[in-house]
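There are structures below to look over.
In what comes next, chain A is part of two complexes: it sits with chain B in the first one and with chain C in the second one.
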Partner chain A sequence: MNVKAKAKKSIPASRQREVPGQDLKWIGQNMKRVEDPRLLVGEGEYADDIALANMLHAAVLASPHAHARIISIDVSKALALPGVHAVMTGEEVAKVTGPLPCFGSPPVEQRCVALGKVRHVGEPVAIVAADSRYIAEDAVGLIEVEYEQLPVVADLREAVHAKGAAVLHPERGDNNIALQRSFKFGTVDEDFANAKTIVKRTLRWPRSGAQPLETCGAVADFNRGSGKFTVHCNTSMYNYVGWLWAVSLNVPAHKLNIVPTMAGGSFGSKLFLHKVPIIAATLARKTGRPVKYLEDRLENLSSCDHHGSDRYYECELALDADNNMTALKCDVIDDYGAYFQFGIGHHGNALSQITGPYKIRSVEANITAVLTNKCQQGAYRGFGSEVSNFVLERMVDAACDELNLDRLAFRRQNFIKKAEFPYFIPTGNLYDSGDYEAVMDKAVGMLDLEGWRKKQAEALKEGRYIGIGLATCQERSVFSSTEFWSLNNVPGFTLTSSAEGVSVKLDALGNAVVKLQAPFWGNSPETMAVQILAEQLQLAPSAISVAYADTDSGLSGTGPGGSRYTVMIAGALVGASKIIRNKLFLLAGHLLQAGKDKLELRDGKVMVKGTEQGMSIADIAMQAHFFRLSFPDEPEFDTGLDANYTYDHPLTTLPSDDRTDLGIFYPIMGHMCHMPVIEVDIETGKITFLDYVAVHDCGTIVNPMTLAGHVRGGTAQGVGTALYEQYDYDEQGQFRSGSYADYLMPKVMEVPPNVRVGHVETPSPFTEYGIKGGGEGGRMGTPPALAGAIEDALRPLGVRIDALPVTPSKLRGLIRQAQAK
Partner chain B sequence: MKPSPFEYVRATSVADAVKALAAHGDRAKLLAGGQSLIPMMNFRMVAPEVLIDIGNIPGLDEITIGDGSVQIGAGARHNVVMASDVVRQHCPLLADAYSHVAHFTIRNRGTIGGNICHHDPASEVPLVLTLLGASLVLAGPKGNRTVPADTFFLGMMETAIAEDEMLVRIDVPFQPAGEGWSFHEMSVRKGDYAIVCAAVRLTVKDGAFHDVRVGFNGAGTETKRMAGVEQALEGKPATDATIAAAVKVAVDLSDPSDDVQADAAYKRDLLSALGRRALEQARARASN
Partner chain C sequence: MKTSVSLKINGKSYQDDVEPRTLLSDFIRHHAGLKGTHVGCEHGVCGACTVMIDGKTARSCLAFAVQCQDHDITTVESLGTQEELSPLQQGFWEKHGLQCGYCTSGMLMLATELLEHNPTPTRDEIREAISGNLCRCTGYQTIIDSIARAVEIKAGTALEAAE
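Entry: the complex of A and B
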């Protein structure tokens, strides 16, 4: 971004209340997770733990075909089976339940049970409620369906040209293009025209996804007297998008209460659950009994609505005569599967950091989203940005190879420098702060790069192939909402808020109960809330407990996603704590006969500054709850000691109408440097980890231990995406990854034995305490780091990595080709 | 993923189990460790009407030393066989192969007998028992009979066991002193089914290979031992050149197929690499 343009762009004033660099007691500590004890004794309550009286169990008849018209369905035998209470086809469901929620614009109609046509293997064709899951599955086996098969679209490049009967949603036009749009940010044509070097690559990112230990599940109840649904569900964003379930169920939102259960291990895959709870609720209304529907593993793998990105890229990178990167051009086809729930929000996400940590001044993005006969895309750790990280880092490594440049020095030369923040990138997003050289220097030092280079050279003499990878990637955090719609031709549902609420109550004994508006989704929301509230109110962590609000009692909230929760809950807790502190000081000031400005919080007490005079919070709380007449007859002294606070996104602006500027939408920018050391067995294609260093900068750290856990887990998922995992569909759209014998996640023997994690802390000037998000980082850096490591190991053979996953068979194939040259 | 309805019968002795098999015929399946059968039932790939549980038959899991052989009860859990000193001492090839068999928790439940009777073509134990010249003792209505491993293992998931029989014991002859052996495997992940595995037994006398037994899984042939490869080694100088020539024979004889995890070209590369590694290791282990 040139200076002139930057001058025109204004940055909203920071709303930060708690500045970084304070002397802190609880924030920054390696506190053990407060969630763990009840999880470890098996008393976390998951969806499958919910058992209501008279509860029925649902099972789903899944489509065996990738694309077919439903000619007829005969449910008579299933209905006749003893213990079966309801069997519903798509037609019957459609009489009472509408289409599923969709953020795509214009929306692509999806039903919880297919209506007229099936569009992917595993799509529900009929649903059953019975006394047990066993009987329900027996009944599923008795349903007879006649199909007329339709042409299948299973290849993303062929999908671009599909016509006629191969079109999945003919009502949208005679093609399978969900959305096609081109964007230019900055002087991209000029920069390519003036380039000294243009590096080109074709890259392929495979379809993978999160694998939660508990699949998606819901227990729904319908009260015929009140006409109200109660749905227990392991979904993430229930306070944000849960009301859209009500729309599907044809009831107003206040006639649906969503009760969150533990939603562990979601990694995005339960972000926007809809099909599962709506099937359960539809059957509950039909039978008048509570109904549990929990996907089995096959259903989750084939029909969870949350497969990850599946992209084909043709990329060009322009460099000037001094080897500065100036412009990036990406033509991408993205295989969205059969439906389009988030539109191309994943590409909006990617455009928040498309130029990475580098001073690339212009960008062209030509995006083609296609519909194919596969399970639709949803969210998976990275939400599309992990793909652009991979693509950019591959291009950077390619530039180094073609120009014979050092991978470290080239990056250093092109980094945005510490003094240049806040920094607008060409798409209009802002990077709040960063120190990329410090992160890379720390990683290089921790790894002992020189030492590994020597070992690498020695090993090569023995015919062993060791490689060292390097990825320096962005880790955007604190999701705001414009990415969902800013790339649509017709913006549609133009969300601009993605707030996070919290309720804090001090009870009569001065202990705190925090109520979150988001579920436990496998991270550490309770630990974060406890550490931040302990800091704010100077309470002992043991004096704080955490609960989860249902939608009836919940405030506005967005929940986890886009590495936002710690930053957002910090903002909400700072706001709520301020209200409570004011009340404490008001009451204590009256009782102690001291002015409010003379008071401070110290170790669970309100103290008169500079003295040993004070009152415990417990004593003040008792007064606040039960002794109203101890205080003046003014409303500010009214009974109670609690606060509700909803925190809006710390920094976001709107896109320009012509979308040459997407606005500030993902500004809280973390950074990482991953350096794996691997050995390749060139005869078998097997990869072994010898070392792994991951340094992350997530601003001020609340809990280094849990952050390191994120990094290690994300790294394991990155290893999966890079080397092992793929949802595999054959040419007929048959799904070949229907169990964990076929969908290969790395296990403990396949991940680095010790990911050595380092932290750099560059605080954000916009968030409370300078915290940035770090929930997705590992997976956003590991794939390009590993691709680079493999290339580095096989440099003597000249192997190039353009496609993932690099399975042993595929890697051996590349080596065989290279050896044949 | 729930099984179809079935009747459950718990056998308390081998005779009891054989009687139940006779009574229920092909409606019944024996349940041992259940590590293959139960998932197949949950996917409704099989739907036996009767399950005869042989997991509680006293003595069926014993490992004892017989006359020149280790006698392994069909009900012995994989992890018990793997950890057995007797097995390690007398049948080290079997112990070696076990380090590639499944995952720890599966080995805790799965039995050697169930593994053999299931006869997945990628499974390590049937290959190794064939090379070791093991005998399988089957109990039936007319008493016991013994079948050599060579003729016990038929096609994919097929064995010589009759519908009214059950496997009760595996007799594995001691490996002779001075013999070299080796087992090499490649799977995508540790514990997965092998893409290719190579097993070798041989001796080296006066600088030449003798008593050679070589077998592979994943080579696309249903016979496990490769006679052509054995001939290419038997009596030949114990040199790298002999090994290279034998491995080439293995690749030429093989007929692997493409699957989702591995293409045929990759499997041929593995036959070559793992075959060579196994032969080299066996040669190094053999005493001259």
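Entry: the complex of A and C
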């Protein structure tokens, strides 16, 4: 039956124009990053580096309560403070500025300053603009607020049953369930009924977050003459959905220009900012002066737009008599915090690769998204799919333990085989290509698994506990926008575009300017663009410079997110380059008296094939810009040498109406195998890394050095998620992680000293050159690999890892429990 | 309430009238206009704002500008230029020791101090030297590679000079 359903499904034709396996000059090189020299001398333009004439500074009064009604606010003392220009409460803000953008459907109303009620500790209650940040913070201290506390919901399982005054958003009904939906893909009941073995686990994924070292910031200006806002901000997605800020600000979209700044890290958490820029813009309009608002660290920890997933899972995995995995069932409660900006898009991410690299043929997912008195969820490297990787790999390890199977052999047996791609998984998503055995084999070879097994056995004799972990996980890349709404009960705005545009201009001297529609995020967009354009036009990288479009001049640009940027900008650059190449050949063909088909690009020149006759691009460019009368009087010869090109998603289809098939929405499928070797000190619970191998397959690699950087950086964040990090709330919703002394992230002593990175390249048949995304992978494989490694080390004690983070004190607790048995 | 503060930063004097509570980091960034020093946590944990005071690294978010009157402040701007990167900056460029660049200035100052006292550090000594600062992008490994590379570059330069 599954086979029949599969046969009916068609795969759209590939739009790949540049096939993999070409002889390439720039793509694939370890080119030093073009972004770096200015960053190394301290000349990056981050949000706080923007300074406008007459600029004021904002500060925010944050709620000390998790859930309370605002009875009264007295701002008179704050307003009387010299140097203070405006103090606005939620009520005043609401007169001029509407709710913040919300992609959830039906939406949950959220305001940049709380109106009537606060719903989490740290939520803005009033905002101030003053001559300096110091004075603004003084003024915040003079605001008097009377609250009436309300019952607090801080536990995700209790949230399911909350009623009455404990309901955060009563206008949506008398409960705190943001969305509840059950999905069945394939013959899941039948597969469980026929199962020989059913493995069950309860798993807990903790709330953590990206915590880039630069917080979110914006400088907003409102020109009273033109009625137009200009907002400098370290946000992304501004050329996609930035116009939604204009809706919040109650102006038409063309009365708002968003100018990107560089971002000092994001990892998803600056995906689409709204609270910070809307606060700055609201105060700018009120005061008539530019206003800077930059979160301090406490604000970023307690009230940024982007806490990560926070999930409780009850899972069942069905296996047949031959130990083939056949079906997976997950009941998940996800704690979304006080608002619901992206709906349950995070579970779309999970469902895009819920069966991992395995041939599991049916899936049941019962999703309950709850609202609690915590900061809202947003995006963090993996966007929810890193959680399902953890869950699936935990279930796979559990199956191996229960059936006493080898963790490698069991995976190999259940892998989708190389010849079976493109491969539809039960949810309807397509995996474009892969070679999972090759990745695992490479990792095992790099690690010297046999050698470590011997050392492990010897160490155990000395009472030392060494463990080897294994995770074989997917890294979906290039999301399609259907996942924004396909899981909703009420679909809402059913968009289907998620394009990436680019502008390329060759100036009169033949140098290229590339204008990106998305910001620098801490990734390498300029280096990617330079390598790909150099390849396309056979230009020297030094002849290419990169700029960032604001929204006034911007084309459609979805930006980085879901590991899509390199794939998408490659598509856009290939499109733009073809237009420019055609024009170069047209002009050169006329000047050289040669047919276009006789020409080729070679080292910055247009050459007649098979000859040494040709013209430099610089000479043609000069002709194109300044010598119109050298050419025939036909429109195709008109002045200029530039192109705009907007590249649409390479492979996406619509979901079925009944959602038994979610369509193709995340098909460019990367893969990884992580194998850490650790030692656990059972007296202290401290984990030390002895080795770490991470092999990734991200298709054709543009720059192995920067890809390895993502893998290692992501792995360090995965170490944080697995062992240390948690946004910790007590039962009253008080936030206990309000500083970097409390929210513990790995420093150099906590990460593996040498993450040995390997690459396998299985090109995508659907993207230019076969590139796949690779920006998130490290964090998507490390947590399950570490959980498995800890279990492996402590197998003699029988310790089981079902919840993260496994902090030293928690691990000591588990060891103590095991020893007491 | 304001007081005149004159700081010597990278050998140059910067004077301004500031409140006594003005942080050194804010003075460097917003009064001296040297934006290479970045502020990450403002409570002394992340180390992004690390500068040198009288040749010793310090967190500029934990010092008041007035305290630094008559002391020598050194920031990332004292190293190389884009046209002529210092060996450390060159090492970071070659070995991909940065991604977003926000922690980089602090790391460069730590490495500067290390190499002044220990021109040929081992990898473990480099690790120790940067162990107080946070980087959220790289996983630290390539930062260690970068500093080790700077040692090679310096040795190479010294060799050239001797020849």
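Details
Heads up, the rule we're going with is that the second predicted complex is superposed on the first by the 819 of 821 C-alpha atoms of A that agree within 3 Å, B and C clash if a C-alpha of one lies under 4 Å from a C-alpha of the other, contacts with A are read in each partner's own complex, and residues count from 1 in each chain.
Note that in this section a residue touches a chain if its C-beta (ideal position, glycine included) is under 8 Å from a C-beta of that chain, and two chains touch if they have at least 3 such contacts.
No experiment lies behind these values; they were computed from the predicted model shown.
With both complexes superposed, C is the one of chain B and chain C in contact with more chain A residues. Shared-chain residue A:F626: touches no atom of chain B or chain C. Judged by the touch definition given at the top, the superposed model places A:G709 against chain C, while chain B stays out of reach. When the shared chain is aligned, chain B and chain C each come close enough to touch A:M749. In the overlay built on the shared chain, the residue A:D296 is in contact with chain B and with chain C. Of the two partner chains, chain B is the only one touched by A:G813; chain C is not. Legend: residue contacts after superposition of the two complexes on their common chain; A:D728 is shown touching chain B, with no touch to chain C. Applying the stated contact rule after C-alpha superposition, one finds that A:Q717 touches chain C and leaves chain B untouched. Once chain A of one complex is fitted onto chain A of the other, the partner contacts of A:E137 are limited to chain B, with no touch recorded for chain C.
Chain A uses residues 134, 296-297, 739, 741, 747, 749 to touch chain B in one structure and chain C in the other. Residues 32-33, 35-44, 46, 48-49, 51, 134, 210-214, 262-267, 296-297, 521-524, 705-706, 708-709, 712-717, 739-741, 745, 747-749, 751-755, 778 of chain A touch chain C in their complex. Chain A meets chain B in the complex at residues 133-134, 137-138, 141, 296-298, 683-686, 724, 728, 736-737, 739, 741-742, 744, 746-747, 749-750, 807-809, 812-813, 816.
For chain C in complex with chain A, the residues that touch the partner chain are 19, 21-22, 29-30, 34-43, 45-46, 48, 75-77, 79-82, 85, 89, 92-94, 96, 98-105, 108, 123, 127, 130-144. If you check the complex, the residues on chain B that touch chain A are 1-5, 39, 43-44, 103, 186, 188-193, 195, 260-263, 265-266, 269-270, 272-274.
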